[in-house]
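So, here's a batch of structures to check.
Each of the next two complexes has chain A plus one other chain: chain B in the first, chain C in the second.
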Partner chain A sequence: MFIGTEKLTHTYMPGTPFANEALKEVTFQLKKGEIALVIGPSGSGKSTLIQHLNGLLKPTSGQVLFEGRTVGSDKAELLKLRKRIGLVFQMPEEQFFSETVYDEVAFAPRNLGFAENEVQTSVTGALQEVGLDPDALLDRHPFQLSSGQKRLVALAAVLSFKPEVLILDEPTAGLDSFSRANLFNLLAVLNRNTGLTILICTHHLDEAAALAETVFVLKQGRLVLNGPTSEIFSKREQLHKLGLGLPAVTEIMYWLAEEGLDVRTDIYTLEGARQEINKLKGRQEK
Partner chain B sequence: MVNRSEIMIEAKDLVYHYPGEEEPSSPALSGINLAVNRGEYLALLGPNGSGKTTLMKLFNALLAPSEGEVRVEGISTIDEGRITEIRRYCGMIFQNPDNQLVATTVEEDIAFGLENLALPPAEIRKRVIDVARLLGLEHLLLQPPHLLSGGEKQRVAIAGVLAMRPHCILMDEPTAMLDPAGRRDVLKTVQGLNREQGIAVVHVTHFPEEAVFADRVIILNQGRLVRQGPPENVLSDLPLLHSFGLQGNAVVELAALLREDGFDLPPQLIHSRELVHYLCLSERKS
Partner chain C sequence: MSRSITLGQYFPGRSLIHRMNPRLKILSLLVVLALLFSLQTYPGLAGLLVIVLAMITTTRVPFRYFLKGLRPIFYIALFALVIYFFFTSGGVVLLRVGFITVESEGVREGIFVILRLVTLVLFSLLLTLTTTPLSLTYGLGYFLRPLRYIGLPTEEVAMIMAIALRFIPTLMEESQRLMRAQVSRGADFETGSIFRRAKSLVPLIVPLFVSAFRRADELALAMEARGYRIGALRTRMHEDTIAPRDWAVLAVVVAMLVASLTLGL
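Right, the complex of A and B next:
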């Protein structure tokens, strides 16, 4: 196990009439180099969970584990955790505060005490990693960029300190289809080339499902389903009851199967659906 | 009865430059001629930065045209004395309901706009209860908005707009922050208001599958209106969508791949049910 939790419980405003148990004994594990999704209705505890993985919240009970060890709650240890686990919030560009793209991306490495020449190489490196041209952008004001570029700069700002785990909260909210596809491709490439472990919280499965090996499903603070992608998306009825859906192509495959066509339903990409439907022709000709 | 041939909002030779824009040669919007009819459901698609949000703000008199004009119910949006009236006719729903909810209870939030109009308390109360009943929010009236689910919050925002008895609702990516159940909930609510109350809707979205039920689909690219027509014409025109960096919905994309492979599918397929129907048909024929 690389990172995970053990019976993690989190109560907001404990001991008050507003006490709200946002996570209830959540135990899960992520392997090194894995891409996983966390899905669940609004208010199911997704954001609370990922804030724990980054040491932004302290468990009410239970623990966060990293490399097999319990993460302590003293400042030094939490700082170490934050250096190794990068968190990209929802709409991260809304938190931009620097005058230039350079300063924005350099913020974390500077804060973590990198020497200025190291800061420079990490900024350029991170921008290149997300497919942006450092020469063209370094001196630009972040607010002058397009929405897609801003999101990529926000991602570069986290990649700049070379985290080993990248956690993203609804990373494509507000992006057009081109930027959505681009961002997910980028995550796949980062994972393949650098072995980056990635955890994505999202409501939009169309692009994300094909990327993930594992899916975790939260409901009212509890981990209700947990397993390989194909296993989780085979529980269609249960997901619908939870108010969740399937990727649109998967839903089409289910409808075809319900009409009696002999097709697989563990299909998450257009190309996969195309091949599967084409097999029908092959069968007729035989 | 709603007269659907009557114009409600009209943009004529509309141009908009953001102040301080570096190159006035590339305005945020230019040459826009567009009329929204009474009771019409209009979906607005386009890549990030194409001017969708800017157009909505011009419709709502949040921005004034640089050139040309916008009229709402015949009133020019630069007629400062009548801006309140325009905003009452055209209510706006933003991407993130958290940015729009201001009061400590749902009831007060729905009443906020009405109180600003200085309506008598009895009238305010009646309207709040009426819209809450219509949108199924009665049981939530005394709840603080921040404790609601995303879908519920967005419906409260819609209720606040609806209480003003608008002739049109402008929605800027209203489902971007919502889970699948919340998305369905909000779309159903708005479609219901459009069909049953004849309220016009202008719906900006990055998801073509949300545009399939519109009366008319408009595509913006680089500040220009590049295509408009019924959803089955516009949303099925993949070469056009791709040329603007947009993707079709899963049905349209999959149907295009299958046609390449020799499947006999009619053009203009945009609904999953239709695709499933035709695939089953071709399977049974053989």
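Right, the complex of A and C next:
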């Protein structure tokens, strides 16, 4: 196991009338180099879970594991952990505070003890990784960029310290469909080229499902389903009961099957759907 | 993610005191305060102390919240005690140290004053612990209304206070989120010299200001879109209703005040 949790429970404001158990005995694990999704209705504990993976919250009970070891609360150890696990918050461009894109992206490497010449190469490297042109952007004010560019700069600000795990909380919230597709595509490329382990919390299943090997479903703080992507999305009734939808392609395949056509329903990519429909056509022509 | 942060002192509950109309609750408190200062005898004060303790029990607010509220007056009480013990004369001499004497009249009055102070704070806490800050604001705003006739924009002041109260938890939540986000980028808010720590707050304060201004902008737009105008008369979505039992409470405390004045308790 690379990273995961063991019976992780988290209660906000324990011992007050506002106490709220956000996670209940969640046990899950990620393999090195995989892309996984965390899905679940709002308030199901997704954000709480991923903040634990970065040591930002302390478990009420249970533990967070990284490379088979329990993550402690020692400060130096946490800093080491954060160097290896990058966390992109929801709406990460709201954290911007620097006057130039360079300083913004350089913030984390500087904090994490990179030498200034390393900082420089890591900043330009990270911007290139997200498909931005460093020469055109480095001296710009981050607030002047378009919202799509801002999101990419925010992503670069985390990639700049070369984490081995990238965790993203709703990375495409508030983006237009083009930027959304671009961002998911970028994550797929990063994973393929560098073996980066990626965990994504998202509501945009249409694009995200195609990337993921594994899906975790949270509901009211409990891990209610987990397994390979095709298996999870074949549990249509159960997902609907949980208040979750399917990727549009999967839903369409179900409709076709309900119309009596002989198609598979565990399809969650456009490419898979195209193949199934071609098979149908082939059979009809015979 | 609805993670409420305790603001002010409100402790949620469903007791009769929680549900009492905030305006009458404030008015009743004022009468009780007047009563407290009209009481001159131990039996009267003890009676009132028993009443407030009984009321506290019915609210189901844990007593430690009241103790926490009493803490700030500890030193004032101690100071008052010293003054009364050493500087009030009369009665039997209880203690003599050099030229300083403690006499029984001083002890009697000192303890009386402290009990009165404790009762006063307990009654005030009873109001603030069982009333949401928003109801409290609107309640106070109601009593300030007459000031409108001398040109004070009381409605607007109440609105400003209500908005400020509404956004304190939001901004607190936001600053917590920002802090975590910057910590995940390796920021350190806790170590280093004061100068270093002040500098390390920049990544927190700048985004907080940016979002506060954005929120203010959005709120202004939303309010105007719904027809908000300065100086216009407004109604509230949740008009607070005054139940007969609310009047009854006020009547009882007024009766107690009259009784204490006429009977000389």
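As a convention for this text, the second predicted complex is superposed on the first by the 286 of 286 C-alpha atoms of A that agree within 3 Å, B and C clash if a C-alpha of one lies under 4 Å from a C-alpha of the other, contacts with A are read in each partner's own complex, and residues count from 1 in each chain.
Just so we're on the same page, a contact is a pair of C-beta atoms (placed from the backbone, for glycine too) under 8 Å apart; a residue touches a chain by one contact, two chains touch by 3 or more.
Being a predicted model, the structure only gives us computed values, none of them experimental.
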item	value
Contacts of A:56 with chain B and chain C, given as first, second, both or neither	second
First (chain B), second (chain C), both or neither touched by A:92	second
Contacts of A:224 with chain B and chain C, given as first, second, both or neither	neither
First, second, both or neither for A:170, with chain B first and chain C second	first
Partner chain(s) touched by A:244 [first = chain B, second = chain C, both, neither]	first
Contacts of A:47 with chain B and chain C, given as first, second, both or neither	second
Chain B versus chain C as contact partner of A:111, first or second or both or neither	second
Per-residue contact with chain A, leading partner among chain C and chain B	B
Touched partner set for A:189, first chain B, second chain C, both or neither	neither
Doubly contacted residues of chain A, that is, touched by chain B and again by chain C	42-43
Touch list for chain A against partner chain C, complex	12-13, 16-18, 20, 42-43, 47-48, 51, 54, 56, 79, 82-83, 86-87, 89, 92, 94-97, 107-108, 110-112, 143, 157-158, 161
Contact set on chain C toward chain A in their complex	1-6, 11-12, 177-178, 180-188, 202-207, 210-211
Complex interface listing, chain B residues touching chain A	46-49, 95-96, 149-151, 173, 176-183, 206, 208-209, 245-247, 249-251, 253-254, 257-258, 261-263, 272-273, 275-276, 279-280, 283, 286
Residues of chain A that touch chain B when the two form their complex	40-43, 90-91, 146-148, 170, 173-181, 203, 206, 243-245, 247-249, 251-252, 255-256, 259-261, 270-271, 273-274, 277-278, 280-281, 284
